[in-house]
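Everything on this sheet refers to the single structure shown next.
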Amino acid sequence: MSETRQTTDDGQTTDSELAGGASASPGTDQPLEVTSGETRERTREEWVEHEFEGDAKLSVSDLDVYYGDDHALNGVSMEIPENSVTALIGPSGCGKSTFLRCLNRMNDRIKAARIDGSVRLEGEEIYQEGINLVELRKRVGMVFQSPNPFPKSIADNISYGPRKHGDLDTGLLANLLGRSDDDAVDELVERSLRQAALWDEVQDRLDDNALGLSGGQQQRLCIARALATDPEVLLMDEPASALDPIATSKIEDLVHDLAEEYTVVIVTHNMQQAARISDQTAVFLTGGKLVEYGDTDQVFEDPQSQRVEDYISGKFG
Amino acid sequence: MNVLPNSDGAGLRAAARRGLRRGRDFVDETPPDALVTVTVAAVSLLAAFAGFLAVSSLTAIPFAVFLVATGYGWLRHQELTARVLTLTTTVSTILVLGLILVFIFAEAWPTVQYATVNVFGVPIPGLRLFIETRWSPVTPPIQYSLVPMIHGTVLVTIIATAVAAPLGVAAALFLSEIAPRTVRELVKPGVEILAGIPSIVYGFIGFTILSPWAADQFDIVGQGTYLFVGIVVGLMALPTVVSVAEDALNSVPESMKSGSLALGTTDWQTMTSITLPAAFSGVSAAVLLGVGRAIGETMAATVMLRGSPGLTKPLYNVFYGNATLTSLIAANYGDADGLQLSALFVAGVILFVTVLFLSIGSQYIEARMRRKLGGAE
Amino acid sequence: MAGATDTALVSEDTSETEAVAAGAVGLAAVLFALSLASVFELVTITDPVAGVPMVALLGGLLVVLGFAVVTFGVGSRLGYVATDPRPTAGLLASGTFGLIWFVVGGLVASQTLGLGTAGWVVASLVTGGAAFAVSALPREDIGSTLPAGALAVFAGVVFLTGVIGPSWLWDLGWEQQASFNAEFTIPVLTAFCSLLVGWAAAKAYGGFGARGRHIGAYVLVYLNAISIIALLFLLVAFTVLKGLPGLFKGLAFGAGAGPEVTLVGVTFSLPVSWPFVMNGVALLNDVNGVLPAIVGTIWLVVGAVLFAVPLGIGAAVFITEYADRGRFTQVVEIATNGLWSTPSIVFGLFGLTFLVPRLGNQKSLLAGMLTLGFMLLPLVVITSRESMLAVPDEYRDASAALGVTKWQTVRSIVLPAALPGIVTGIILGVGRIAGETAPILLTMSGGVAPPGSQTVDVLGGFQLQYAPPFVTNPELMQATSALPYQLYSLITAGVGQSSNIGAIDEFRWATALILLVVVLGFYAVGIATRYYFRSKLQHE
Amino acid sequence: SGQSNPEADAPATEEEETDAPETTTSTPEETTESSAPQMLTAEGSSTVYPIANKGSSYWNSNAPPSDGEYWGSTDEATVPGWDEIETDLRLADYFASLYGFEPTDTQANPPFATSIGLSHSGTGCKSVRDGLVDIGNSSGPITAELGISESKAEENYVDHVVGRDGQPVVVSKDIYDAGVTQLTGDEVKQIYQDEITNWSEVGGPDQEIYVVGRAEGSGTDTSFRLNMLGSADASMEGVDTRKGQNQQVATVVQQNSGAIAYMALAFTGPQVLPIGIEFEGTLYEPDKDAEHTIFDSDYPLNRDLHQYTTITEDTPSGTDMREAAFINMFLTTFGQKLFVEDNNYIPLPTKDIESQKSKLPSQA
Amino acid sequence: MSETRQTTDDGQTTDSELAGGASASPGTDQPLEVTSGETRERTREEWVEHEFEGDAKLSVSDLDVYYGDDHALNGVSMEIPENSVTALIGPSGCGKSTFLRCLNRMNDRIKAARIDGSVRLEGEEIYQEGINLVELRKRVGMVFQSPNPFPKSIADNISYGPRKHGDLDTGLLANLLGRSDDDAVDELVERSLRQAALWDEVQDRLDDNALGLSGGQQQRLCIARALATDPEVLLMDEPASALDPIATSKIEDLVHDLAEEYTVVIVTHNMQQAARISDQTAVFLTGGKLVEYGDTDQVFEDPQSQRVEDYISGKFG
């Protein structure tokens, strides 16, 4: 594994070259009638270049996704720095979720999806033969738009991942043989719930069914569940869209804190939220194109693209 | 399928009051001639039904009146007539169940009464049907024991379930979770079509191919084994189990499966730990449905079994097959009359009640699971 | 904690050890196929295959396979093979192995060594307990390979040494005699062992752990699926093959080849003569057929549909559109579900006691129609209800917001939108009742092999009169034949010997085939309709 | 007679076990202006079925006399009993015309159609009692089948005997080949009463005996118990399986090894082989050339094959014209040869034919 | 729910008056206890008084709606002037839809709903015994959030209402009797479609299935369908929420035009939209309370309630 990590630099350089090539001639397949109220404008290469210190945790180059004939992502290239929050914004249907799901290959679950291009996790290509999907998804965790706890107890929800990975053993047999990891489980559950700022609310009912929690609690439980497997990257697809303001602000705080240890990529449709919590922001616009990517402050205060400016100022979307 | 609301007296009284009020409102609001039409239709239909029950040749007259009344109502008061007609059809559906209950119980009663046993002076009707083991409807001493048939039915059902449940659930898992889309799209309708193969065709193949083969392999005297009837019935129930269980597995929300996969679990772990438990109610309903089919399966058993009621020796000897409740009826209804015919109805009652309980049970499981899962359907 | 099981993100190309495991899986598959072939008597166990008697071949392969798997497990334990095993094989596997070896120990002790009850119980407990321990205590690589491999080796040795040889016979010694012979036992044991070892090898191929269990389970699930599909396919193919000769006997084409029919006053000859479906059984026929049964089946279905569909749809309309969700709808739901699972023979009994005495006191077509109608009713209610519930409430709201009354809404919006589902449900239900034998046995069965002239003519049978019941139809009041019943009587009663049918076996299979065609035809149409409407809906 | 009456609203007459059938004669036949007489229906005995059904198919085919094949011979001159017939009418036309029915002169369209149901004697007798069919076929006397007295039977039913059966005991081919070609009456009795359970006890191979019986209530069962076991209520502990019809018994014996069964002559065959039975020192053999055979009238299991019709207000003679026309066909030389003897049954002697014919109404 | 958050985004946009709100840091702290992010404040009566000339088309007084135990509308009183556009805005779940559905008694269709209070249509109480619901709904038409055309042809969709009311007769029987109103139907279809600004787009395919139209066209078809029954009041529940910008602007224009002939009441989550198209605006806040009602300009430029101001400036919702 150490070898593969060393190749990161090479990977990066190639990526940026590729990215340049990709955005060189994007205007050709622009549809004639612009139905979504956007002005015609050609995306410039430099708009999507984002300089940062350190290595890229994830680097995406020339990613194209098709659902059948539908071109959902169109030549997207971007590099995501480590231990930071990257926000993806854009109007509905512009491919944010699609992009996110490409990063841990959850798009494999969609039969109609066809994916071209390359995504590297610490320099290692995840779209290659022989990739261990299970391992990949352990390292790149995901939280979905609507909370989806398992119909199990709260504690079981948290310990589910590690248990299935064999890190924890609490079965009947393990108990009989006296090698049960019950204490480790308890500890893990507490730590994960604390990280997800849920511990105080649920500590007395860890054995209750998770479906009995409120929406916001469920969503934080899902975050805790993802954290329990100790991923390096955390993908979040509109994690707060189904929540009330209080729950939302808790999640926002949480995301902020997580960025110290994890690489967080978050999709949101709420521009204020993006502005509040992210270090860098990527703006997708209709047609599955990444139009602008850069420091959050810069993107919101001084967008380079006119369309992005229109979008941010609420003229459409 | 539904959540039974808690029934307390106050609720009932309130409901009754509501019903009364609604009834009054209805009478108040409805134009008088519509009311008359509906009343005439209802009364004449009732009369027709009573006539039919009483085997009267005059049944046709009230029925004609009913037709005329509804025809008039349809033209003049369609809204109301439609409502009343659909209510009538609903009531008839329930009535069919009620009539089945009443008629087969009534027919069964003479034998039940005949088989009364006094236990400590308390007469228990029908007990002798279950404590004797000899079915001898003609040769004295006349006994109508259903024990051999119940034994046969139980054996066949156990074997059939052992075949259909694990294989069916595994196949359903394959279809809904594992199979590539093209395979799934070909196989799923195929399996559904196979659910339609008439049981007499299975029986035919069992009778001409399987029974002779089994007699040969196990060196048994004569043909007809519970083992192979069970296997055939299991195969017959298999498509049903697969199809229903597949629907249940499929209805587990993708978000739940994705949630598990995104944690880095294998497909198999997701299936066994998330999908199957979440679909448990549907899958068990599928299995119960299969069990119901196995219990009620008639023709394959009738054709393949020996048709001579008796217990196998030893009791777990599945290489012999005598009769099941269903095959008893099918093989003997033509020859039977009087108490023997009534005894066949007792067999019918047992079948009916058992399967009805299975059906209600599976509905209950499903309702409970749904409640437990909350919004997760 | 994480990192404890960290594995490489990308696995290397297939390693040699993996190839060994894959080879073991393949060998197990070959062995399984061989044993199936001998169960179906394609080869007998004494036939030589490649110069070796089948028994020896099976035994030898089992030994090889067993050793291969055990070697792999031990190699993994000793670290020669890179795998990712769990600390234990798990309760399910251990329990299963314990149980299997419990049985093996017991059988060997009681049957081979001839020990008494106490003896075999002790032996069983010892072997079963040992297998459980070997499976549960060591790491997964040993725990899941050793007991399986040992079983295969044991079985192989038993076959090779002739303890279970071609002439082996185990009389169970029951009061009603039954015994296992070698021809059955050897292939079945081989199949069982190859499944077990194949599973263990597949686990080994996946390197044990989560991935190994995944692959092991998938091997079994795939095998199960393939077997089921193959079996059911064989069943149909077999019937078709056997039935075709009889079905098309005497088929002829050409102008005027067929019988004369009269349609709307015009009489003409059909251009095709298909004796099996155009004739009954009669002395003067060259080829006998089942026309009365086909027509009887069609009328049965028509009658049942005419009875059940209006009732069922009406009931569904009431409970979805008019009734408040409450006790009443619950009762209807329970009643319909209960009716749906009621055994068909019970419907037959009901028809026998309720309908037959009220309809001329004899078995009749009408009684059969109504009985099948009762069977169809719950399905119509259930499917109509489901498809009406699936009609979005928006339609109803939109219609109500336009100031349209409820019944008008139901008629113009809900029913048309629900129609595809309803139609599909009805067709599937019709498929089911068309193949039912038990109810018509009790309520309708007429002649067993009627001549073509006794084909029912329901339409021609109506007569009007001035006294109640105003309309009569003797044809409805008479028993006729139907395909399932005809097949039943052909099978059990051995009818034909005195019915001039001739090649009775051919005739029976042809009857089975045509029944299959009719019923599966209904199903195929029903399912195709559903797919058609579904794709159309999705498209829009 | 008790013909079926579709529109009749007769209630079930289940409770009237022994009474005369309450057949409904108030038929609306007058209102139905159907010119064709109703179909003649028969139901019952599987033993009589081959006779009745073969007759019925000949009847329904209504073949022309030129088609000698369907009169039972390739050439009309060799049709059995042709000299009695000598007609240029079609088959059913001829026999029906004897009782006043108009010939139709069309193939497959007799003056009235016939339909024969297959079950067993008990059902046949009950059906004719309840007025469900015109003719009840039975291989046992109706008195035994319905449990009624002789006089009651004579009051209500007319018994037409159309042939005789010498009830054979059969074994499956393997047993026959192993040398069991004859048994004594006692041995058969012991086998059926579970006292002999292995073929080795009667000189056969060491194999369990698969004892096949007929449904209780069938004529064959009744006669077998009566004539072989000595009483209609004799117990039959040894029976492994019971079948409703002779045809089923034949199939079972054919498909199984080590089987023994009792049945009717029409169902024996190369796989279902009748054996000789020794009663009180006399061996009755299946071979027709032997000194004593199972076709002899003194063979203890010999029995009459009946077709019962009912006496009603409409038909006080008990036999209406359709029934007479059909039954008469069996009581001719032609019918006895084709339908009785060709089915391996025993034709009636001439004097019995005459006495049977005398029960029919006079011919037109 | 997601819509309201977009509202927040929109809150920062082009309206110059709101610019302050937009540039203000969005992370304004909120008191923890108030779950919906609102400050405590008592609604004053005068805030909901709206003076206008002419008679009120609809007047609502003291309307309370309960869903089971849930108090969805809390003592709402307001008067709606004729031939004008009234916008209802407020955060998700505040009872806007409930209020709207009370105006044509569509709430009767919800079994759990219990309604107290009074609604008058031109002075006539609609919550009284003996009211003819069919007639009421003919006069008070409704358009729903997501377009819901019937699965019939475009023409049939339009003529559905009048035909069911017996105003048009084109059945087989009518044709046979020679009194078919086919011409009337054609005319009605054309007029309604023209009113809904859809005629030009669909005139060539009136017999096509309406489900084949695009979302925006479907929504206009639904409007046309409602207009065909010739109502006096038109209730619209977020009619543009499912539409793209172009379609939205068409609907907005249409609403504007309709106000000349009809009384339009429109629920929207888009405050800019409300500001653009309505004459008066009613703001509902959590708890089912009407907090402010008045001239649109006044409500947006100078709200009297602090909570309304917070809401409009995107601080919550």
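Should a chain be cited, it is by its letter among A, B, C, D and E, assigned in written order, with residues numbered from 1 in that chain.
Heads up, the rule we're going with is that contacts are C-beta pairs under 8 Å (C-beta built on N, C-alpha and C of every residue); 3 or more make two chains touch, one makes a residue touch a chain.
On a predicted model such as this, the values are computed, not experimentally measured, just so you know.
Trainee: Would you pick out the chains that touch subunit B and also touch subunit C?
Mentor: Touching subunit B and subunit C alike, sorted by label: A, D.
Trainee: What's the farthest chain from subunit E if centres are computed as the mean of the Cα atoms?
Mentor: D
Trainee: Could you tell me the distance, in whole angstrom, between the mean C-alpha positions of subunit D and subunit E?
Mentor: One centre to the other, that is 85 Å.
Trainee: How many angstrom lie between the CA centroids of subunit B and subunit E, rounded to a whole number?
Mentor: Once rounded, the distance between the two centres reads 50 Å.
Trainee: Could you give the separation in Å between the centres of subunit C and subunit E, each centre being the mean of its C-alpha atoms?
Mentor: Measuring from centre to centre gives 55 Å for this pair.
Trainee: Counting only Cα atoms for the centres, state how far subunit B is from subunit D in Å.
Mentor: Those two chain centres are 40 Å apart.
Trainee: Send over the residues of subunit A in touch with two or more other chains.
Mentor: Expected reply: 134-136, 138-139, 164-165, 229.
Trainee: Where in subunit C do residues touch two or more other chains at once?
Mentor: In subunit C, 177, 210-211, 357, 405, 408, 469, 492 touch at least two other chains.
Trainee: If a residue has to touch 2 or more other chains to count, which residues of subunit B qualify?
Mentor: 55, 57, 221, 265-266, 269
Trainee: Looking at the complex, which residues from subunit B come into contact with subunit C?
Mentor: These residues of subunit B touch subunit C: 1-2, 4-5, 15, 52-53, 55, 57-61, 64, 78-79, 82-83, 85-90, 92-94, 96-97, 99-100, 103-104, 106-107, 167, 170-171, 173-175, 178-179, 187, 189-205, 207-208, 217-221, 235, 238-239, 242, 265-269, 289, 292-293, 295-299, 302-303, 312-314, 317, 319-320, 326, 329-330, 333, 344-345, 348, 351-352, 355-356, 358-360, 363.
Trainee: Going by the contact rule set out above, which residues of subunit A touch subunit B in the complex?
Mentor: Touching subunit B: residues 104, 106, 109, 111, 134-139, 141-142, 144, 146, 148-152, 160-161, 164-165, 209, 211-212, 222, 225-226, 229 of subunit A.
Trainee: Note which residues of subunit C are touching subunit D in the complex, please.
Mentor: 177, 281-284, 357, 360-362, 364, 446-448, 450-454, 463, 465-467, 469, 472, 474, 477-478, 489, 492-495, 497-500
Trainee: Could you pull out which subunit C residues touch subunit A in their complex?
Mentor: 1-13, 86-88, 90-91, 94, 136-137, 209-211
Trainee: Subunit B touches which residues of subunit D in the complex?
Mentor: 9, 11, 14, 17, 119-120, 122-123, 126, 207-210, 212-213, 215-218, 233-236, 239-244, 252, 255-256, 258-259
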